[in-house]
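We just call them A, B and C in the order they show up, numbering each chain from 1.
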C-alpha cells in the first residue's frame, strides 16, 4: 500500500523539519524522509552560531537582513535551544582598522543592531582575548543547539499530525510525464521499500539536493563547501567572538554548551558524503584562533569535524571563491526552471534562516495547492523534549530578559484546532527559557544524580538515557546527538560502554523489529569518534585516547568480541 | 637529602625497582607526580597476549625483535620477576596464581575473554577452561554504573557459555548514591553486606543451579580473598571477580601490595613530587628537581631509575607540532618519523598505533640512548612503559615488562 | 588547567570526604568536570562544591597535575561572591580577630564561657558551630617575642607564628624560638596578621587579599634584606608560599619574593642539616610516637622534613600515619554544624591508627589537626618542634 500525502519532504535537517512544521500548521499533509538520523547532515555539523547578521553585512546584506529578523523570531520560538551569549566583532592587529567604521555603517544599513563595546568592558567579560584588540562591537549573536532544535521541531511536527521517517533513503522519484508524482524510499533498518504518492516533492536535502533533483531528471549543480571546525575542551570565551573583517577562514569562536568551537574553513569537495579533514585546516584554525586568544593552541582540542554548505550559484555567475557565493537561500521551482512540475528545491541558506526558507517554500506550495492559511511558525513556541529533564532554577540575572522573548507568546501553544493536543511532557515547553551553561549541573545537583551519570563529561544521567532509549532512539550516535553522550573530554571512554549496555537492556524489554547489536554499535561509535579525534590527537587528548584504548582493549576486550 | 637510588614513578615498574634495591639495603626514594596507571588496569599480570602458550611465543619474540624490552633484559629476568611478584603478593595475603607456560583467559566487563598470565585468587574461578562446567550467573548492582550483567551474559552466551545475567539489591542502609567501585568495595568489608549479598546469591543458586558466579571486581579492598571465600560459602557456588573500569579495585589492590611492601621496606615515597628537570655532570645524572610550593625541591642520588610510563602514564607528552618529550629528564625519544605515521585510521587495527611504541631507546643495561645510539646517562636505568619499541597494551605485556625491567634493572646496574 | 583531566577517578578514590559521604560527589565531579559548566557572571549551580574540605589530597594523587582543590576554592569563592558569606563562616574565618578577642587577661573567662555546654548549644543553634567541635583554649599570655633584635648583619630569621600560636599555643612559639636560637639565629618577630587561609577556604577572597597584602607589606623589608621567614604552622606557610598568590592571582615581585623566602620550620632545619649546619647535640629520646603529617604539609610537596630532621634523635621512632589519611578538620570545616559528623568520619582511620599505637602522645604540625586528634582520641598532641626542643634540652 503506497502512502499518500500532499507534500513529500526530502531531508531531515532544520530546513526540511521547518517545512514540515509550516505545512502541518497550515493543515497541509506531509511526510518527511531522512536517510539518516534527524540533523545528521549539515544541520548537526555546523559551529552552532545563531547569527545576528553581522557576519554578512558587507558580503551579503540580504542574508544579514534575514538573519537579523530570524534571530528575533528564533529567540521567541525556541529559547530552550539557544544560549544568549551575545557576540563581539573585534579588530585585531591583523585586521584592517578602517573596515570597522564601514562595518558599523553596513550594520545600520542592513538593520543589524550594533553598538561599540568599550575595551575595558570587553576585557572584563573575556579576559583571555588578545589585549592588542583595538576596537570591539557587540551584536545579538548567540549559540544554538541544532540537534535539540531538530528534535523540538520533530516533536511539534508529529504532534501537528505529520509523519517523519528517519533512516529512510530516497531511492527514486517517479514522474508521470513532466510531473513528479511519487517517491520510493527504503527503510534502511528493515530493508523494506515504500512508495509515497504526493502532489509535491520539496527537496530540502541541502548539499545532497543535486542528487535528489537528478532522481527526477533535473540538473541542479551545487558547490559543496566543506567547513572544518575544531571543538576545544572548555569555553575560553563565553561570548561569540568574530574578527571584524570580511568573512574569512578561521575568524570565529562560538561558545556552545561546554566547548568553544573554532570555525571554519571553506574548501570545495566533490562528494558531500566523503571528505577528510586535512592537517593544514586544523593548523590554520589554531593559528587564526591564536590571534583572538593568545596561547590558544596550548589548550586542549577535543575533536575536529566538518560540514558541507550547500552553496548554490546561478549559472552565469561562475568563478570566484566560495565565500563570494551569496549565503542567502534560493527557492527553485523546477516547473519554471526545468519544465518539471511537482518538484521544488530549497538550496543555500543557513541554519538561522531555516524558518524563513521554509515559510517561502511553503507559501509557494500552498499557493499551488490553493490553500490560503497564513504561516504561523514565527509565533508558535516549540515544545521541549522530555529528555531535557530541565531543572527549575532561579532565573538568571538579566540574561534572558533582554529580548522579552517568549512571554507574550507563551499562551499560543497548544494550537487551536489541532487534532492531537500536546502531551503532559511537551507542556514543559511553556516554561522554557534560554539554555544556560550551568543548566545541567544545576539539574544534577537538584536531583542528587551525580552518582548516576552515564556520561560524566556532559552530565547525562541514567534517567535521561533511559528516557531517550524508551522513546525510540536507537543508535548510539542518535543518543549522542540527543543528549551529548560521548561529546566531552573523554570522547566516549566510559559512557559509550554504559550506554551500549543500557541500549541492550532496553531492547530486551521491548519487542524490536531489528534490534541493534550493542557490540557493533559500540565499535562503530568508537571508530567514528576516533576519526574525529585523529586530526587533533596530541597532548592531553592523546593521553585520553590512550586511556580510552586501555579501557576498550585492555579492560573490556571490545576488539575480541564478534558481532552477534 | 641524599639517596642511593631515586626512582621516578610509582607504577609497578618503579616500585619493583624500589623494592629490589631496598632489599639490598639501599636508601631509596620514590618520586611520583601522582598515583600511577596501575589503578587503570585489570589488576592481573599480563605477560603476553598471544594465544595459550606465552612462553613459546616469547622465545620467538626475543629473536625476532631484538629491541623489545623482553629481548633486552632476557626472559630469565622476566621469569625471576614473575616468581618474585608471586612471593610478594602471597606474603601480602593476596596470592596470584597462574604462570607463563599456559595463558589464562578471563571474562571482561563486556563478556569478552581476555588473555593474561597471573591472576589474583579472587578471579581464578572465571578462567575460561573451567567456565563451561555448568550454568553460570553474572550478577551486579544497579548502583554500580560500570557493570552490566545482561550484556556480559549475552556475550558469554554467544561464545558458548550458559550464562545468565541478573542484578542484586544493594543491602539497605548502604550508600545508594555515588557508588564508585571503591566505595562498594568498602561496603563489602562489612559483615552484614556480605551476609545480605550471600543470601541473595544463595537464592539465585537454588533457583538456577549455578556452579559459578561472576561479580564485579569490588569484593573488598583489603581482605578480598576472604570476602570471596565467605561469599562462596554463603552462596554455594564458586565466585569470581570481573575487573571494572578505571580506577579498578583489583588494580588498586595490586598497587597496594607493592606500596605497602615498599613502605615496610623503608622506601621513602613522595607522591605529588613532580619531577620537571634534571641536573647532570657529563654522563652522570646528579640531581633532579621536583615542583613544590613556591620553589622547586632538589633531590640527589647515586643512581636513578626512570619509571614514569609512556603516553598513558605521563612519561611522554606530545604537542601539536609532532614533538614528543620525555617529561622528567628530557631524554631523547625514539618515535615514528612524522605525525602522519602516528596512527592507523582504524581504531581497533590489530597492530595498534605506531605512536604508542614511542619511548626511550636503551642499551641492554637499560641506560638511555640518544638518536646516535650513545648512552646519555650512565647512572640512569629506564624501566616499564617509558621504554620504546613495544606496545604494552596491544601486546598485552604491561606488567610483564614492568616486572622484568623493574625487578631486573638492579642486576644490570650493580 | 582543567584540560589535563582524563577522568581517571584516581582523585575520587583518594578523596577522604567522598569516601564517607554521599553529599560530596568527589573531586573529579566538582572540580574539572563541573568547572566546564560554570561561568563567571552566572550563579554557581552546584552547592555540593562547598563540601570540599580543601585537604588537597586530590592534587597530590592526580597523575595529570590538575589543581583540583584550587578549582573548588575558586568555585566556592564565586558562590560566596554571589550569595554572601554567612555570619558563622565570617566569624570562624576571622581567626585573627577571634584570637585577639579571646587571648589575654580575659582568657579564663572566655574559656569558661566556651567550656559551658549552654554556650555551645546556643552557638550551635544561632551560629551553626557544632556543640562538640574542637575549639582551642585561649591563653592568658599571648605569644610575643621578649626582646626584639634589629634587622642586621648576622644570622637572622623571621618567625611567622600565625594566629594559633599567638592566641592559643604560645609554647609552640617558644619552642620554635629556642630551637632556632640553638642553630645560632637571631629570631625577629615583626608585626604580622592572619595568613588568610581561613578566609580563602571560606570563600572570602576579598578579605584574604587584604590579609595577604598586609603580610607582604610587613615581611617585604626582611625578605629584601635576605632574611628567610620560618613558620611553625604548616598551613600558614603554605598560604604565604602558594595558596594566596595562586588563588588571589597576586604575582607582584614582592609577593613572589615573600613566597620564595618562606619556609616551614622543619624544611628550614632540613636545609641546615643538608649543609651540615644543624646542631646535632641532642639527647636520646627512647620513644615510639605516632606522627601525622597534615594534609596542608603534604601540599608543600617537600617530602617529610620532620621525619628527616628528627631521625637524628637517637632512640626516637616515628610511626607514620597511613598515606593520604586526613583528620577531617580542614581548618574550620569540621567546626561547622552540618560538617562536624562528616569530619569525624573522615578522621576515623587516622584516629584508630593513633589509638592502636597505644601512645599517650601524638605528633602533628598543624594546630587545628592537633585539636581534632586530641578531641577525637583523647591522646595528647604536640608540635614536633616541641619534641625537638626537648631533645635539645631547651
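The rule we apply is simple: a residue touches a chain if its C-beta (ideal position, glycine included) is under 8 Å from a C-beta of that chain, and two chains touch if they have at least 3 such contacts.
For each chain, UniProt lists the protein as follows: A = glycerol-3-phosphate dehydrogenase; B = Anaerobic glycerol-3-phosphate dehydrogenase subunit B; C = Anaerobic glycerol-3-phosphate dehydrogenase subunit C.
Remember, it's a predicted structure, so these values are computed and weren't measured experimentally.
If touching chains are joined by edges, the resulting network of the protein chains shown connects every chain directly with every other.
Legend note: the chain whose CA centroid lies nearest the centroid of all displayed protein CA atoms is B. Taking the mean of the C-alpha atoms as each chain's centre, chain B and chain C sit 36 Å apart.
With centres set at the average Cα position, the gap from chain A to chain B is 43 Å.
Here the spacing of chain A and chain C, counted between their Cα centres, is 51 Å. Looking at chain B, one finds that residues 37, 40, 177-178, 180, 246, 314 touch two or more other chains.
Multi-chain contact residues of chain C, defined as those touching 2 or more other chains: 8, 22, 25-26, 64.
Residues of chain A in contact with two or more other chains: 448, 450-451, 494, 543, 547. Looking at the complex, you find that chain A touches chain C at residues 125, 233-235, 238, 258, 299-300, 391, 393-394, 396, 399, 436-442, 444-445, 448, 450-451, 456-457, 459, 488-490, 493-494, 540, 543-544, 547. Across the complex, chain C meets chain A through its residues 2-8, 22, 25-26, 28-29, 33-48, 64.
On the chain C side of its complex with chain B, the touching residues are 8-10, 12-14, 18-19, 22, 25-26, 59-65, 238, 241-242, 259-260, 262, 270, 274, 298-304, 308, 323-324. The part of chain B that touches chain C in the complex is made up of residues 1, 29, 33-37, 39-40, 175-178, 180, 182-183, 186, 246-247, 252, 259, 263, 268-274, 290-295, 297, 313-314. By the touch criterion given at the top, residues 37, 40-42, 108-114, 143, 145-146, 148, 150-151, 154-155, 158, 177-180, 243-246, 248, 310-312, 314, 317-320, 322, 339-340, 342-343, 345-348, 350, 355-356, 393-394, 398 of chain B touch chain A in their complex.
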